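Below, subunit A partners subunit B and then partners subunit C, in two separate complexes.
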Partner chain A sequence: MAKLPKPEELSKIDYTPPKTSWMDTPVVFKEGMFCHGSKPKSLDIVGFPNPRDWRPADADWKLPENWKEILLEGIAERLEKYRSFRLFMDICVRCGACADKCHFFIGTGDPKNMPVLRAELIRSVYRKEFTLAGKIFGKMAGARELTLDVLKEWWYYFFQCTECRRCSVFCPYGIDQAEITIIGRELLNLLGLNIEWIAGPVSNCYMKGNHLGLEPHTIVGNLEYMLDDIETVTGKRIKPTFNRKGAEILFVTPSGDLFADPGTYTCMGYLMLFEELGLDYTWSTYASEGGNFGFFTSNEMGKRLNSKIYAEAKRLGVKWILGGECGHMWRVLSQYMDTWNGPADFLEVPKSPITGTVFENAKSMKMVHVAEFTADLIKNNKLKLDPKRNDHLNVTWHDSCNVARGMGMLEEPRYVLKNVVNNFVEMPEDTIREKTFCCGSGTGLNASEDMDLRMKGGFPRANAVKFVHEHYGVNMLANVCAIDRATLKPLMDYWVPGVNVCGLHELVANALVMTGEKERTTDLRGEPLPGIEQKEEKA
Partner chain B sequence: MKAIISFIAVLILAAIAYVGVDVLNMQYIFGVVIPYLAVAIFVIFMIVRILKWGSSPNPFRIPTTCGQQKSLPWIKYSKLENPSGVLGVLGRMALEVLFFRSLFRNLKTQLRDDSQLTYGEAKWLWAAGLAFHWSFLIILVRHLRFFTQQVPAAVQLVEMLDSFLQIGVPLLYMTDAVLLGAITYLFLRRIAIPQMRYLSLMNDYFPLFLIFGIALSGVLMRYFLKTDIVSVKMLTMSLVGFSPSIPQNPISVIFYIHLFLICTLFAYFPFSKLVHMAGVFMSPTRVLANTSRVKRHINPWNYPVHVHTYAEYEDDFRDKMKNAGLPVEKE
Partner chain C sequence: MIHGNMNLNHYLIEKKSAILKKWFDAVVETYPHETSTFLRKQKAQFTNPVGYTLSEGIEHLFDALLQGMIPDTVSRFLDSIIRIRAIQEFSPSEAVSFIFQLKKVVRQELGKEILGQQGIAEELAVFESAVDDLALFSFDLFMKCREKIYELKANEAKNMTFRLLQQARLIVDNQD
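Right, the complex of A and B next:
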């Protein structure tokens, strides 16, 4: 961390490509640009191959003898399993429309971070091994041998892609580098080449139910702290239930919300909202993770971790599932869960017990995003809101990649936001909605040893925030994603000091007028509410 | 370098046709055998390619959503950018295929000296791409006059519209000029922009030069080096009728060069990036509707996996759970 260059230096980006062609430019592992290698213990727990101590910067990766064979078989298998992969290997015309759309390219200037070249890293090997033209013409047809250098290049650059899908929006054929990275990482995992920041949470989640490895009593304890804080702010003591059979709704949120601020403020927001509604719901300590780092490892691991949600809903006998604020969690839930672990025919089509609204859009997978749920509440006038309590905040909205481009939830959170705050400004239009920029730390890259990478990757996002900060005095960056809440804060501190980060339901809870609450003098963070100081002075 | 080699490759191809016909008098080979062969390769290997794509399933429903989802009834959703059914997908694909919707989004990202990123309009790639593909298609349609006894009215209409400027004798087809212009732009862009030059392969330059060569030889033939059109049509009709014969009146060599380059394109097509022509219709991020929450999507190779069950979890933590006041299944 100490070595992280100053923002003025980091924002001087050299976009000149190297003199040598990309195939002849071996990868250089730069300090701060990659994460620690997976520990043997983390791989062991979930039964992943080749658990051993290894370091990415070392020359020897301690690979199995037949590593090349394993990879080539792995590619062949995936070409048969995924039309996306097979097609994307064939149809790219290298038009370059995706090139300057990737935040990692914009932030580093490294041409191998152009989505098209990231794909070529693996496409070149595909040509060599799986196409006639590549076999005959070799390098002339853009084909190359799979060597250890190539493997290292894959590793370096597949862990410099956050699977954000921004490139896919701009590609005339919808080529999705996220899909190629997903498959690339799956291949790397065949050789035990994960990063610890993913492998650790995966093994935690497998054994303990959540990425952070919070054991059941810790979850209860952490929530207790929040309940104390809620009592301080509102004078009300809330008593949520855990693992309760017969509840109507199971609530699942990313464990980041239970652990550190500002996620905990969002979590307090859920607790207060559900209390005010008198919702018949339960938390689960077993299915205590909405997010899914397994998805950043392999399809199979994603499915293994995800299985707990439906299994727990079944065991507890709930009617449907409500999901907390998260980004990649919602891509996994909306595009994968039902296919992996469905059919959830033991559940009912979600119906809001407060408004009676039936969520037809979740008819099969039976899970509703809390922003959809709250938008419906507000539309039906079920909440008493006092947005003035958020008047000290000048808020802008960050669309999280996955809910934007893997689901399309754009308006629901905005509707909620506009009803709970008075000051809301959008960032420039080419940096929001389907064109939103990643926080730069998604897909498990939110470690501390790769801060250079994170600050560079987050540069375009921060740059847009800086614009509204300087022009409109924005001081709060709101979002619906647990990883965003954890990673945008250091990003703001680095690039745009003076801007804070919060979840949507923190703002909801600030504005929410609860029955029987005492007169509030602070927001959830314990900061005095606007107008309070003056009042006190007068008194 | 890659561009130069590609250029030379196309020159060599043209030379082969020239020598073959003009020196070695192999009209039959170049006028009959190679065209049949090229078309056969094109048809067979395109089918193989498409079947291969089709044989891999779409295990997951992974549309890239580029607009508001269909959720609550009072929220206006984006039917074309985030389709919720077949009609929406058809609309999305029509926009994509006919008007290059996604390419239309293109932006130019630039870092200003004051460290502000800007996203400027960048429609030239879209415009050139569209001009190139549409003029190519129109030229193809115009060529149908060589493959039909009675030239269909539709083809005549296209010809008329294409030449409505009424310039020159024979009348200038606008698409000829547009095609050459668009290719030139696409080529210059590749070598002028450092990133483009860096990522381009021979696979990108070769088809550009090849198509340029085809268009140029066609233009030369039509406007400058007179060719016996009647004989050309006799040849093409004999090919279509599967009773191939080389006409009595000799056809000038420029025709054979034109034809040979086209044959090369046909034979090269299924093994190159040009397969995007068919692939675009199958791209899962565009052709799948965003319905994964409404209707269960089946993965044909879905298989059971190891999970850590609740029972195992409770075994691991029973005492801690009891101490924290949590309900347990087994005491």
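Right, the complex of A and C next:
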């Protein structure tokens, strides 16, 4: 029988954590805080090193014998290749301005989620191996050996950062923590240490063109379901085209919009809008992914996955590309595509065929975000809108990190929103626009097994939603990001029950008065439109 | 200062701010040092939501205890604290331990002299029993939160499976 503690022993339980310095506090892997390890098949398909079955919670990670050498060479190579990386390793003065700005730190209360400390995990090894002071003074200079425990700590915490860059807004030196995480993950991938929720979609996208691994007939089939629903709501049958050569525009959106609610309602929104405009556009079943989980793996992998969009645009002979509602897709396409796979000189500078507006901001990469496109349509009075159809909704706006903080797209979605709904409330100032709080599930952390982590990371966001829900009756959280649409829903279910989640173009399509449509009685979700129930009762 | 004929509630109201400060300190000390410093430093509702929720929550809970456990207040503010601690790095006992800390804090603040007064011991027993009720209720809330997490995990898996079955035409609507 196990020894029972005596009453006086029980009364001595101390809940105060031990005061050890972070270097002396070993990492403990806690269930719910990390994702499954990458499967060998997923790594094999894209030719990544060390494909094998492994489990993050196991002691043996089945690493190659010379893992340390591989990693140190990897760091050296990246210090040489990316000036920013060397700069970020050297210039931090540990002022702490970033410390309390991270949603993961706020939510978990774990000091190693302070951005400064997360960076120190790698910086300490950099000092030890690449600086004279670190070599001589060791721990006194904030340096430490690269050990297996350190490696595990890297893995645990670089997959507890969503590269949202909120911390960098507050850094006086402009250190971009996202780049440190990006490189941290790149290094881990040299040893085959990815998570399956990223590695799986990457291999799917590489082979099939999208993260979910949807094959062409499935993509068409999924869209057919939506077309049926659109017909039920509007009485109109839409016939989009696929892989059509000679179309003016190629439309690319995250595959999440094709598969899961509420993304599918957003997708119905695109279909209805483009139909009403008579847009000469095509879907592609090959460039069928706007997102890029390669970007969460390594720069090289991001580039490889991204190349298919330009390749498909070239093959189809379109003039320019229109992008659906996605967060990181937009940052990748705007800030990386051109240098990775450009110049896209076979495309034309995007010009709206409806308004004649030339999108000068897309001069180089030749791609326009659908929120910009629609804002321009509304500004030029090209859409007939009836915002009353959204009167059952009291909407607030979540600025998705990569779109808002990353790309400065703050006004366009708000402009669209204000034209399609009558009830719009902003969340508190410190939680929107450049200072927006992340959903807590970005950069491939939107798996189910790390639900605890997601709920913690999303808490600051949810807390602001709770405020507008309680004070202004907000019942809908709108955004332009596929990961947000998928992950904010469970976040709301846990923290703010009663708030739903939608994409911008679902609201646009609800309000859009289409030529020859029947009188609408429901919104895209099949919910009765405001006033309809009373009308039916009277009849 | 000790007044004649004062009951426990009067003392607790008089010493409210000192009790709340100590109770708050006891709660934030369950976090690592760097984190407790942050939680204490500022209590901004949106940029330090954990610190704010704890500080606002314990004050309302204390008031509710004094006013005879108003169910709505208890349920709302205890829920907001437990909802956070149920997903943080705590074991179940650690997550709800802060409730029991109140008993210790109250006894410390009242001091021997007040505790020795006639009738106070009986009133304190009633008060502490109410604190125990709060602790029991917090177990229920803790479990509800954990069950919600498992439900969310299960729902994600179910939704995905449903879609896959639908795609494979293994399930179709009746009208189809």
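Structural remarks
Assume the second predicted complex is superposed on the first by the 521 of 539 C-alpha atoms of A that agree within 3 Å, B and C clash if a C-alpha of one lies under 4 Å from a C-alpha of the other, contacts with A are read in each partner's own complex, and residues count from 1 in each chain.
In the analysis below, contacts are C-beta pairs under 8 Å (C-beta built on N, C-alpha and C of every residue); 3 or more make two chains touch, one makes a residue touch a chain.
Since we're looking at a predicted model, the values are computed, not measured.
Taken together in the superposed arrangement on subunit A, subunit B and subunit C clash. Applying the stated contact rule after C-alpha superposition, one finds that A:Asn189 touches neither subunit B nor subunit C. By the document's definition of touching, of the two partners only subunit C reaches A:Asp452; subunit B does not.
Of the two partner chains placed by superposition, A:Thr253 touches none, neither subunit B nor subunit C. In the superposition on chain A, A:Thr297 contacts neither subunit B nor subunit C.
Of the two partner chains, neither subunit B nor subunit C is touched by A:Asn419.
In the overlay built on the shared chain, the residue A:Ala99 is in contact with subunit B and with subunit C. In the superposition on chain A, A:Leu132 makes contact with subunit B only, not with subunit C.
Contacts of A:Met140 after superposition: subunit B is touched, whereas subunit C is not reached. Looking at the shared chain after the overlay, A:Pro460 reaches both subunit B and subunit C.
The clash between subunit C and subunit B in the overlaid arrangement falls on one stretch of those listed (43-51, 115-123 or 151-159), that is 43-51.
Annotation: subunit A residues 15-17, 99-101, 106, 111, 114, 221, 428, 430-431, 459-460, 463-464, 467 touch subunit B in one complex and subunit C in the other. Every residue of subunit B that touches subunit A in the complex is listed here, in rising order: 5, 49, 52-62, 64-72, 74-78, 81-82, 96, 100, 102-103, 105-109, 111, 115-117, 119, 125, 129, 193-204, 271-273, 275-276, 279-280, 282-286, 290, 292-299, 301-302, 305-310, 313-314, 316-317, 320-321, 323-327. Looking at the complex, you find that subunit A touches subunit B at residues 8, 11-13, 15-17, 21-22, 47, 79-87, 90-97, 99-101, 106, 111, 114, 116-117, 120, 131-133, 140-142, 165, 168-176, 179, 206-209, 215-217, 220-221, 242-245, 285-286, 299-300, 303-304, 307-308, 311-312, 315, 334-336, 338-340, 342-343, 357, 359-365, 367, 372, 375-376, 379, 404-412, 415, 428, 430-431, 433-435, 459-460, 463-464, 466-467.
Across the interface of their complex, subunit C is touched by residues 15-17, 19, 30, 32, 99-101, 105-111, 114, 218, 221-222, 259-261, 428, 430-431, 448-449, 451-452, 455-456, 459-460, 463-464, 467, 490, 493-495 of subunit A. Residues 29-35, 38-39, 44-50, 53, 83-84, 87-89, 94, 97, 145, 148-149, 152-153, 155-157, 159-160, 163, 167 of subunit C touch subunit A in their complex.
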